[in-house]
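Naming follows writing order (A, B, C, D, E and F), and every chain is counted from residue 1.
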């Protein structure tokens, strides 16, 4: 990994407050909660900022002390918030009861009428926002939230294309989020076509394109996708095999149009916090692709995701140097004095 | 105060989750929050249950772990929850940044689309709910929340009248809660007319009846109210004079149609938690009126409110015996071994 | 598992306060302790109430704020406490230093002169308590505590038999608890004879009947027991094989007079809280037998016990639906959004 | 105050575990408790050790991890525990619900069958314990606890007299502690006669000698006492006037047989922890009398007591230098950098 | 107070880690500490950023995770850290034992060999740092720390003068900080001469200029200063009168060359955190002078300082709007919903 | 293991404050830290005191409240601190970010100018300190800290030799600690020659003697050492094989000049706190050698080290009885009631 010049990465999406009881308490027995802030795209921004990138996260927050606190979270880790807008709708919230061993984690959302869901596309001046930007990252959560969010994202993608900005996507489809009248697959399809780095595998491709690739036919699915969307230059996927809530195995694979790259699987026991491990992967991949070749980027992405499982909260907070050192130590976890 | 037989008191209204940072932290600097549950009518039910009454609180909670936890709060202090309904809308929330000295407390609400606001009147079988009940208590918060909440309350009031149940009201008018198209004053007027114990003073009477009594003309206002609403048998008001967020003085006055009763003012320094001090007053008054004459009841109500300022959370948690002992000790605060 | 109508289950036994330092602190270094409440029979009641059963726990608590708090624990999770009596003796206490890996957990008791040990049989009106009850559960802890406790239990068992109530027992023998002059084996024998669901295996049968079945001759022991006590209709046992304090394997076996049922073993790593895992098994078995056949009940009991290892405190707090979902997911621990 | 050579002070009495919920939580709502250790004589030892004296506390603790932790508390602040005996009875406990403003603090004890109550006089070798000792301090709590405790104390007092050791007493009479068959007044009378420094006033003298001095006749009462018990050389009393649980005023008076000394009253608002403020006074007086004249000692004692109101836990933890600095600053509370 | 355009304010000085035990624990009894970050100039930057100004703080931090965390503190509240340098010396630390009532707060420093003390002037490019800046603020702490710090500050002051930037100073003299061989008064004199807004009074003027103005001759002292340093355009001072550690009275006075302005005194009881109340005053004054006339600025500064006494940590975290609202409410502390 | 008479063990070295965020928080996200005290030699003293030995730790602490608190730590666990000197330099500190799974723990030190580094040999009267002592323990950390520390240690070693005291050493070489101008190997060589119990293996021998034994040639290295330093009577080494930060395997080997002893390896998952596990080994070995033969001592040392991995903080806090019980239970971790 070569430390290069600073790249500016822009992300766009909802930032939620997370409330989770400490010490694996069930929610019904808890009398206090940790306050965290997270959102799939914001987590990518935070992780990239901690790695050393210049990042800006675009979102909408309420114009009250919860919005101030959420913005403070982004700033604290070095994410620019100049383009965050404020309105009178409330902050989206999720309650997380952490899982452990055989007891699954459980999430309750309160985000249907959030500040982010209330946005209209006009509030964002993408020309200004994307000036000087190298990379734009979006996920399938944003267009699911509201027509306004989907429309704003589409404008961002067009502006990014016009400017030749690299666009990456984690086009995750979460069915219970799509509550307005639209065709999710069509919406995502259109947006994927405007992107070049696809983070997903057969399941995502099947959902978006109505295909039925099996999980082991990753390369076939990737090739299909690249034919359908010629803008896509690489297909990368983190794969997870979980024994239970406390024991996961993480690996990654990538098809770059020419070659298949696969990392070794790494087992994480015990898992400290699995929220945002996919976002950490995305951040690692973006950082890696900005500073290394695809093989190095894949390894870096996988290590970032592995390490995020050990970091409380929604985002990986390690520097690029720290992640690289872990890779070099072959994940030994040896204390650093 | 004579310990009598158990009376059943029913309350109806929204139960919210309260999240407040510890140790007077500003919200922007907080990383954890205490989880509390409160709502003006529920607080009355909890306080009465702790005093020793049989109580049942009627509300709507989400059918998820946040709803389970909220119900657990009521049960813990002995409030019956058999008539709580569950739906798929989220739990109303309020964030409280505690004030201290000259820094005011601040509240941010997230309750517009809550489980309680989503109720339709049909879900409550008031005949069954009010069977065997001596007292029903409502406040001006409930009809403000949604047309469904107002309609359900109206049905409850009618059923209570049919059964000869004593109805008390704290007809507080909170302007920023009334978001649907209606005439708040007219709505409250109609409901007050169905009640017999009115907790409020000139300000509330002015708002509801369009009068302009000054604060010192409490008796005149009370007389006017009793003429307008012959069902009202007493008008009782807690008065607060606050030096700052940490120093309040509390007193109470009551016109029972014949005589004016006034308590001494009690200064509370430092205030631990001012939320729910009015609800504690209401609970104290109800308990007092069920077990004592109006003079004793007023004193008991005032003491309950004073003591609530020292109890963390939304409701007074003291037994009737403990409150009576404080009155007898003349608020000395002497340790009990 | 078919969700059926509500069954009323009554349990009887001591409820203790548990004080345990957080974060695996040794007691000598701790300056704070979590406050929990537990007792083997009360844990069964709490777990059943969380599953959805109607339950009532019968016990004695001090008439002070520690007793109020202990009762609040039961109420919070929906257990009826109408038949809890209050006296002037103190609450039984146990201090728990949580074990981890090779460091064993350690318990110090302070219960010899507790409120429960001070009971006399006359204070309980079992006719009233057991009215409308489907199931009564007792354990070998209760008769060990004091002659009064043993006598009260005997009366309960007789009343239960008269009413045809199903009686289950976890006849655990804890030698250091039996401090009064009696023959523990004879006492337990008499009580087991009044029960129909026996939760235990060769060790318990050997202790009570003076036999010497080896652990692998579970069926023989069960057959012997059923001959000795024809009222016993099933013998069920949770088996534990622990690698160390953080790694246990749990399985269950049952002889119902006709067939031997055995579940798969489930390994739990890391164990969060092993206290009450046997009580969780009992609760699961009772719930299962009330709603399913013996095979389903055994599986449900085993899963409940497995999951309790992940829940802080003394009782399982999961709903029947949540437990069933874990069984269906084959213990995958996958997050539920 | 002149820093002199080290004096050895021996104290004798029960050491209890204190459990109190944080942040003025009511016990019924608390899920955690601070663990403290205190006892009126042990608090004197701890405070004196922090001031710079050599001290040894004699008591009985259980031979388990609660006893280890209690001993660790004494050691931590420099108190010698070589003469602490260990037995199998449990540690005495008290639960403290902190009071604030008008809500009184409340204490629930669990000490009737404690390790200390189980002592027999033979376990203490007072000759060895009191070797090289300048001062022995006892209080009226110890003889109240059990016949064994009273007998052991009597032996200590006799040995102290034989050795010419100064003996001070805070002969507090707590009626609900005396549960065995004896005449408390006679017992205390005999012990007071073996002492020379009496910390108490008219109320204590009346109780012990059956007199009826009014509170304002302090000097008369002191003179009477000195006539009755010629060994008593000074009578010193801390007087408290409390507005409520958060606002106390503290002053002190002393009759040394010749002159009456009175300090100014100091108001403490808000009180942080009033437990042990009398013990702090005793420690301050002992330290003062060992290092200064009676006037200086009285001032030092009063300041120590005032400062203890601001220290969480049962004992004053300030050095003699820090206390003297506060006196010099005239209680200004100005920050020290 | 008129909300105007954004002004850029630059501050320069050491940022320390503060470690203070919670809940008024004495340090000797504490097992945990809150982690805070503060420094007199950084506190000004944080407060101004929270008010709404653009600010940049210039300092040196260690190139390790403590430095990352300290920088994160600044970023979190919106302070730019682009000009923070990193080196290998450790972070300065101060341990704070919070005082309460008559127990004084106590501070232990560990800063003699800190990252900031190790700076050499060459590491700061003041031309670049001060570009586009309206205001530069320094205090008497910085030149005391090391010759390098003093030299760097001098360069900054010269560059500020060249650019016509308003320079404010709080020329506090803390004698135990000046450990290198220099003449503190001469050093400060030279720097004050390069400033225009002087925050201090007779004591500071006397120290720096060797005069002996009495405290009540504020105007005379201010006039003298303006004659000595014609660049000084206003002399403003916060005055504090403290009853004890929990009760302070704050007022402010200002001489602007023409008129004397004095605010009313405001009593703060109880004080939550007195650290940084002078810095809050400075921030309020700067904000006020950037947006209002001197009278309004003085009031705003005083209110900011008053409110800081209620905010945990080293800096005021309130927005300009919130402070203005408190002034308008006449410090009523009334809750804001 | 035979409980024998009390032996006095003296240790000498720096005691640092450890600050580590709870719950595996990264330092950049933490707002509170646990306060611990540790130092490699002090940890040995604390562990031995908990086991039941008489111990005295010799060090230098600042004469302020941080020094008081550090001394309190030693006293609390029974370590004598009569020979601790106090000076005006600050307490050494280390910040620990706990590692977990693949995320390595990280330490930042602030100890270069600490109270201990400032010592001069004259302040310690080794004749008095070592009177009545059976064992003296030192490590390679002490001579690395400063010339004064090295000189003081040399004097102690000479006095110990004169008195025939057994001297053990853990001659760890930490290169980044040796900041003054000296030859570390020569310094250590000289000191090892004055010792008789060597805790280390090929790596340490190679470093000190410039040899190049491979790790598997432990016996050869030990033999070489014994030839070089005829005073060395045994060479003992703890070996660690770590899978990652949460999974370590611990074993031990010993050459006593005649025979090689090797323990079984014990796997610890999850590791709670790996700091001080080597010191626990040393303490176990010393205790074992004082009470048992070398084989028993090695097993005891290994078990102590294994158990330390489960104890939060820097030192093992278990009694010798508890450790022996774990060995007897074959590390089963079974709960002790």
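In the analysis below, contacts are C-beta pairs under 8 Å (C-beta built on N, C-alpha and C of every residue); 3 or more make two chains touch, one makes a residue touch a chain.
According to UniProt, the chain labels map to these proteins: A, B, C, D, E, F = 2-dehydro-3-deoxygluconokinase.
Bear in mind the structure is a predicted one, so any value in this text is a computation, not a measurement.
When each chain is reduced to the average of its Cα atoms, C sits farthest from subunit E.
Counting the residue numbers used at the interface between subunit B and subunit C, over half appear in both copies, so the two copies meet with largely the same residues.
Mean C-alpha positions place subunit C and subunit D at a centre distance of 45 Å.
As a whole-number value, the distance joining the C-alpha centres of subunit B and subunit F reads 62 Å.
Within subunit E, residues 22-23, 26, 28-29, 31, 68, 72, 77, 106, 109, 269-270 each touch two or more of the remaining chains.
Looking at the complex, you find that subunit E touches subunit F at residues 19, 21-22, 26-28, 30-35, 62, 64-66, 68-69, 72, 90-91, 93, 95, 97, 106, 108-110, 112-113.
Contacts from subunit B toward subunit C in the complex involve residues 68, 72-73, 75-78. Listing the residues of subunit C that touch subunit A in their complex gives 22-23, 50, 77, 266, 268-270, 272, 306-307, 309-313, 317-318, 325-326, 329, 331-337.
Within the complex, the subunit B residues that touch subunit E are 23-26, 28-29, 99-107, 109, 174, 176, 242-247, 269-270, 274.
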